[in-house]
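Look at the two complexes coming up: chain A is in both, with chain B in one and chain C in the other.
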Partner chain A sequence: MDGGIGKMGRRRFLGAGGAALAAVGGGLALGSAAEPEKWDETYDVLVVGTGFAGLSAAVEARNAGATVLVIDKMPVYGGNSVVNGGDFAAPGNSFQKEAGIEDSPDLMLKDMLKAGLGLNHPELARTVAERANENLEWARDYIGAEFTRLNFHGGHSVKRSVQTVNQSGSELVNKLLGKAQELGAEVVLRTKMDDLVTDASGAVLGLKVRRGYKWPDEASGKAAFFRARRGVVLASGGFSRDTALRMVHDPRLTDEFGSTNHPGATGEALLAACRAGAMDVQMDWIQLGPWTSPDEPGFGYTPQVCERIVGYGLMVDPATGKRFFKETGNRKERADAIIALGHPAVILGDAAAVGSQVVPLGLQKAMETGAVRKFDSLQGLAQAYGIAVEPFLAEVARWNGFVEKKHDPDFDCMIFPDARPTATPPFYAMRLWPRVHHTMGGLVIDKEARVVGFGMKPVAGLYAAGEVAGGVHGAVRLGSVAMADCVIFGRIAGRNAARIA
Partner chain B sequence: MDGGIGKMGRRRFLGAGGAALAAVGGGLALGSAAEPEKWDETYDVLVVGTGFAGLSAAVEARNAGATVLVIDKMPVYGGNSVVNGGDFAAPGNSFQKEAGIEDSPDLMLKDMLKAGLGLNHPELARTVAERANENLEWARDYIGAEFTRLNFHGGHSVKRSVQTVNQSGSELVNKLLGKAQELGAEVVLRTKMDDLVTDASGAVLGLKVRRGYKWPDEASGKAAFFRARRGVVLASGGFSRDTALRMVHDPRLTDEFGSTNHPGATGEALLAACRAGAMDVQMDWIQLGPWTSPDEPGFGYTPQVCERIVGYGLMVDPATGKRFFKETGNRKERADAIIALGHPAVILGDAAAVGSQVVPLGLQKAMETGAVRKFDSLQGLAQAYGIAVEPFLAEVARWNGFVEKKHDPDFDCMIFPDARPTATPPFYAMRLWPRVHHTMGGLVIDKEARVVGFGMKPVAGLYAAGEVAGGVHGAVRLGSVAMADCVIFGRIAGRNAARIA
Partner chain C sequence: MEPIRLRRCLIVAIVAVVATALAAWGWAGQAVPAPGAPDGKPASAADRHKAKGVGCEGCHGKDEPAFVPSERCLACHGGTAAALAQKTAATEPENPHASPHWGGRMGCDTCHRQHEQAVDWCSHCHSFNFRVP
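Let's look at the complex of A and B:
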């Protein structure tokens, strides 16, 4: 039943590549797989991945009348979506209306294209901006996810990101999973996609998988063939944890850079799609998050504190005690600026800023890891981080002057209307050092979520959504746009994959 | 004999892509081709492309004892190499020694990595820097190309580029072609590669081509299968003239941007390789040349005048009469700065600068097209380009002060030791507006010029060199490094393709 593809694949390539090209993992199957004599399972729609995109696709495909199987290689659901902060950018949302904040899809699109350096595929970015709010309402009203706060993220022109009640994407993943299963979609874990199965014309028929795969043991699991009568949706995420693949596209991103991602965020499903003829795009735009702490692992709790106080507190270079970049800049701008320092930056907020902006539970957790620290005085804070006290106090005073005027002549930081001088103890501070967070590149899709191949035409039977797809964000994904992107294109992919050809 | 591949390919894809995804041309064959019942031609090594890389490969493959066929789809030899300016960057070359200029491969590598924003595959960039001078000597002593001048190109730390006697790559193309044919390589024009032929394991066996192809008629030509007993070398160039493909990777590069390239610089051979499993990289780094004139078509003669006077004369924004960017910046920096103006820039040099730096024949040709104009006074020059006279004269005076001190406090332009104030009539000036010039991205290769596939391992039997390969230059190719890149990796590819497996 294995069809000899693995063996054939291993004969396909000779010798070893350069240092950056060591195999991604053991046991890669190479090339697309041919149709087996017998399929082990048959569904109308197969979905790869149980994050926002995959589960949204499953819900829509079931609602379109398709039988649906969702697979995930990991032993847990949700991929990166469950370690995500749960912020959903949606212009014109109800929280903005309550707060009297004017916003529009055009303004969000403008922000996305500016951050994306104009590399965004315009029709994809526009789809996200225009449909974000209706999809937020779908997530809330139809799926049942609870959203309770309005947040700002760097690079956006206004506060437009609505956050889940538990400050985590898990709120939406769990509700989506429940809905998908309630609707009759089947969801199985420890099932890894090794290859697409294509017919002689290259159309996608289904998947060659391994059932009982035990991550990260590449020798584990038993091969099986799953038929997709109507379509396959790839929603397998990005490759931030795939050092070999990310170094092909950006050789600087060695193992010395950590990642915020779940350990399964590797690129083998994306590569399998390319071997089957899917075209990749903008793979060299790999985002570092500027709000992670070297004092805790992974994504950690720091981002939920740091990102809430930008526009309220100041970020300094501990070597000089002075600010060096706009706190509300986009992720790439800030990460590049911190890396250019050569050492971690320090950001701080006072009791008023932290008290009004940061969710108490998040603060508590970040303090338990030691990544966020509390100080009775600015002097004490400076000493703790080895910052020369006098220049630092002068800089805080200068910043406070800007806050009074709501204008930063040094770096054009966006200072929020309710921001107050950093003056009320206790003060909270944390160190910042970037980690690999998001891979903007991926498979080329059109606005119907059809994967486009190296023949410059859609590949029959293949759809993609979420981080595995490229072009939506161009050079830089803005914070909180991933959730919108995943839900919007996940739903489009699910509906289209369920169509009878 | 056609094997039905074309028909099969056309069935492979459904529907139409987005606006940016219109077909590259008519009649694309899709997927790799299967082995035919009978091969029409059989050689040890097949080379696609008759530019610097392809012909260098042919010479080396013949010298390694292989029978060699070189094909080119166009009715003329040389691709972009014959419209290139004939500059070959080579640290430590004899012209530098004569001029007392210190240089080293390490310094050139540093310049390449800086311009490349660190995206260069380090082992590829190092190969170019370390082997450039020995390959320049090979081109001169073994191939017989004549080099007569030492030039500067923006982004290099020193003058290190040695130019052909006729200021054109045609000098080297013609000598390479002569040598290849003298050694017994066969070279045929109007023969287009449509697909790689692979065996069941994905190893490359040869090419499916069309003989008698009449560019740009995609319906022309007759299918044939060419066997490569040892290896195929792709040296088919970049895709600067392929608007659909470049818009997939950078949607801003619509047809409104012209190109310096020959009309056949389209991406179908690159895409065919990807359909056969080759991996692409950094395709979204597409370079605009900052030295082309809107007053003449294509590459034109302006670059040979403009690029010789940077570091001697000043470049101004005609709207203000003032300088706006460093004249000796790299191509991307300068092109971005001019595009940001929203209108063409003007660069000028006086009789002394132009007389000492510009080849008289090149100047004459550029003046015949009207792209370069001559003025008796700075006032007359300003009036001709609609520049306000007073601010412009003040800016020239300011610039001349920098030239006296050999230091530009405004933009850190590199002012050459023999530069003199811009003061001696007649004055020469030209408008500058960028055109698409080079595609840094392409197929992933290792330092043995083996093409690496989406299985993260080399594809058996497939080699690539020159602009069709990616990773050497990262984000920005410096001027005059292409010629070194093409000769170096062309030779490596030719030698390795000729090896008996």
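Let's look at the complex of A and C:
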């Protein structure tokens, strides 16, 4: 453990800011690439990553007058954003006003800091809470993404998450891509960043990339040098799919845990930035999503059912038939509680809860995969999951009593005003087993999205936004705050990178 | 036992290397049966293209071999991404060409690899079990 990675993170201490360095360990050069004799491409701003953050940066950089190239290593664009659930947390949004829900940036900040155990860098978290709604409106009015629902996510005090028309981040990604291209930004796939190129002072000049990279073949592609006259924006996402890197920071997260992420969610760009002098922070806070099903792969459809019925239905340990944790708790707490059981939990809702809260198409898809199952009776449900019937029925009756009083003395679950006892057939149920979902840690940024280096000063010419950056969410990211985080800091990074130094 | 097995492996390896080298040189005038296809049936999608008269240049043009833009695939397969999606609308359990994530912007060769095993890209998150040609 004392070997490569620790040294890589601290390569600045080796001195030699930015000069080409000899290969050490693992065949990777520690440091950045030196300036080439000839640049293959030259733009004002280079963006790495085609998710919410990268494309938001591209739009803003173009609008600031910069020429822009966006690269992505994968054969498809959009990273995790294009497979995400499409929820955007924004206090004071128009849907809340219509529903008569009182909310404020201060309340959202309070929720973020509570879930984040106070480890959030306060100025970053405040930036997200304060600017979320204006950025939701930008995504809707300027970019043209359609949002149609107001949702609740565990750990928030109120319903404040507005969801896209197709319950997927793809609605916003595709509109952002269209806007970026319409404005003249160029987007190329299968182009992988290998290293930052820096000058002798450590300032970022551009990227060393591989064109024609064929994920996941690390031997593929041809090296090229791309110059960024004004700045580089890293928006390359997190490392949930990088088992080796995540186990450096949390050795418990072996490959026994699957991930909700797209297969390219690995840490090479983040580590390349560290090699060039960027500082990393809170890398061991890695979040598991408590709403994934072991009965379907990846993110799946289950989260869109499970997360809609928390606060309406109950979650039990099939071994005892009893509840064991607050259904509306934050992701970290809930995932930890399920893992502590040692086997999947079961959550259920009745026809009234599921009918009023879950999008019918999502329910249908989740049932087609077999992850969500329908039962005519609670007895039948219990038997199907191997739950002892009597204790389970007693627990449902106990829960229903709490629902009537809108108060849960056992686990303090938030019970919504329109929640009704779980009593109307058919009943819907699903098994839950957590998967690695979000890496809260990443590159240190300031509120201008400038990457901070081991010299405790910004690395000239380098910006970061979205999951590759750390500190916004502290210990735990609340559901639906990533979309806000990515758009807000992506735009800030794009604008600032486009500035002429 | 052991030496014979090694020798056999060596012979197979040499034949494979020579065949690959000849294929790369453009010596093969017709589809080379791929290993694992003893009936001589073309195994790779590129071979099937070639068997139908679409050789290297049919997809790659005069340029050096590289990723082929989807427009070139669509010129023969459907005309437009939307029209192609129409053609496969009845595929169960989902239409592979109408992804809610990428829609018609997904590159054909994301799944339809010509010189290697085809890929069901959806299978990273879904169990559609598409049989990709």
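By definition in this document, the second predicted complex is superposed on the first by the 471 of 501 C-alpha atoms of A that agree within 3 Å, B and C clash if a C-alpha of one lies under 4 Å from a C-alpha of the other, contacts with A are read in each partner's own complex, and residues count from 1 in each chain.
By definition in this document, contacts are C-beta pairs under 8 Å (C-beta built on N, C-alpha and C of every residue); 3 or more make two chains touch, one makes a residue touch a chain.
Everything quoted here is computed from the prediction, not taken from an experiment.
Enquirer: Which partner does A:360 contact after superposing on A: first (chain B), second (chain C), both, neither?
Expert: In the superposition, A:360 contacts neither chain B nor chain C.
Enquirer: Who does A:342 touch here: chain B (first), chain C (second), both, or neither?
Expert: neither
Enquirer: Compare chain B and chain C by how many residues of chain A each one touches, and report the one with more.
Expert: B
Enquirer: With the two structures laid over each other on chain A, which partner does A:168 touch: chain B (first), chain C (second), both, or neither?
Expert: second
Enquirer: Classify the contacts of A:417 with the two partner chains as first (chain B alone), second (chain C alone), both, or neither.
Expert: neither
Enquirer: Name the contact category of A:300: first (chain B only), second (chain C only), both, or neither.
Expert: second
Enquirer: For A:119, select first, second, both or neither according to whether it touches chain B, chain C, the two together, or no partner.
Expert: first
Enquirer: So, A:274: does it touch chain B (first), chain C (second), both, or neither?
Expert: first
Enquirer: For chain A, what residues appear in both contact lists, the one with chain B and the one with chain C?
Expert: No residue sits in both footprints.
Enquirer: Over in the complex, which chain C residues touch chain A? Could you list them?
Expert: So the residues of chain C in touch with chain A come to 66-67, 93, 100-103, 105-107, 109-110, 121, 123-127.
Enquirer: Using the touch rule from the top, collect the residues of chain B that touch chain A in their complex.
Expert: 8-9, 11-24, 28, 30-31, 118-123, 200-203, 244-245, 248-252, 271-272, 274-275, 277, 279-285, 444, 446-447, 450, 452-460, 501
Enquirer: Quick check: in the complex, which residue numbers of chain A touch chain C?
Expert: Residue positions touching the partner: 75-78, 82-83, 166, 168, 170, 174, 177, 189-190, 212, 262-263, 296-300, 368-369.
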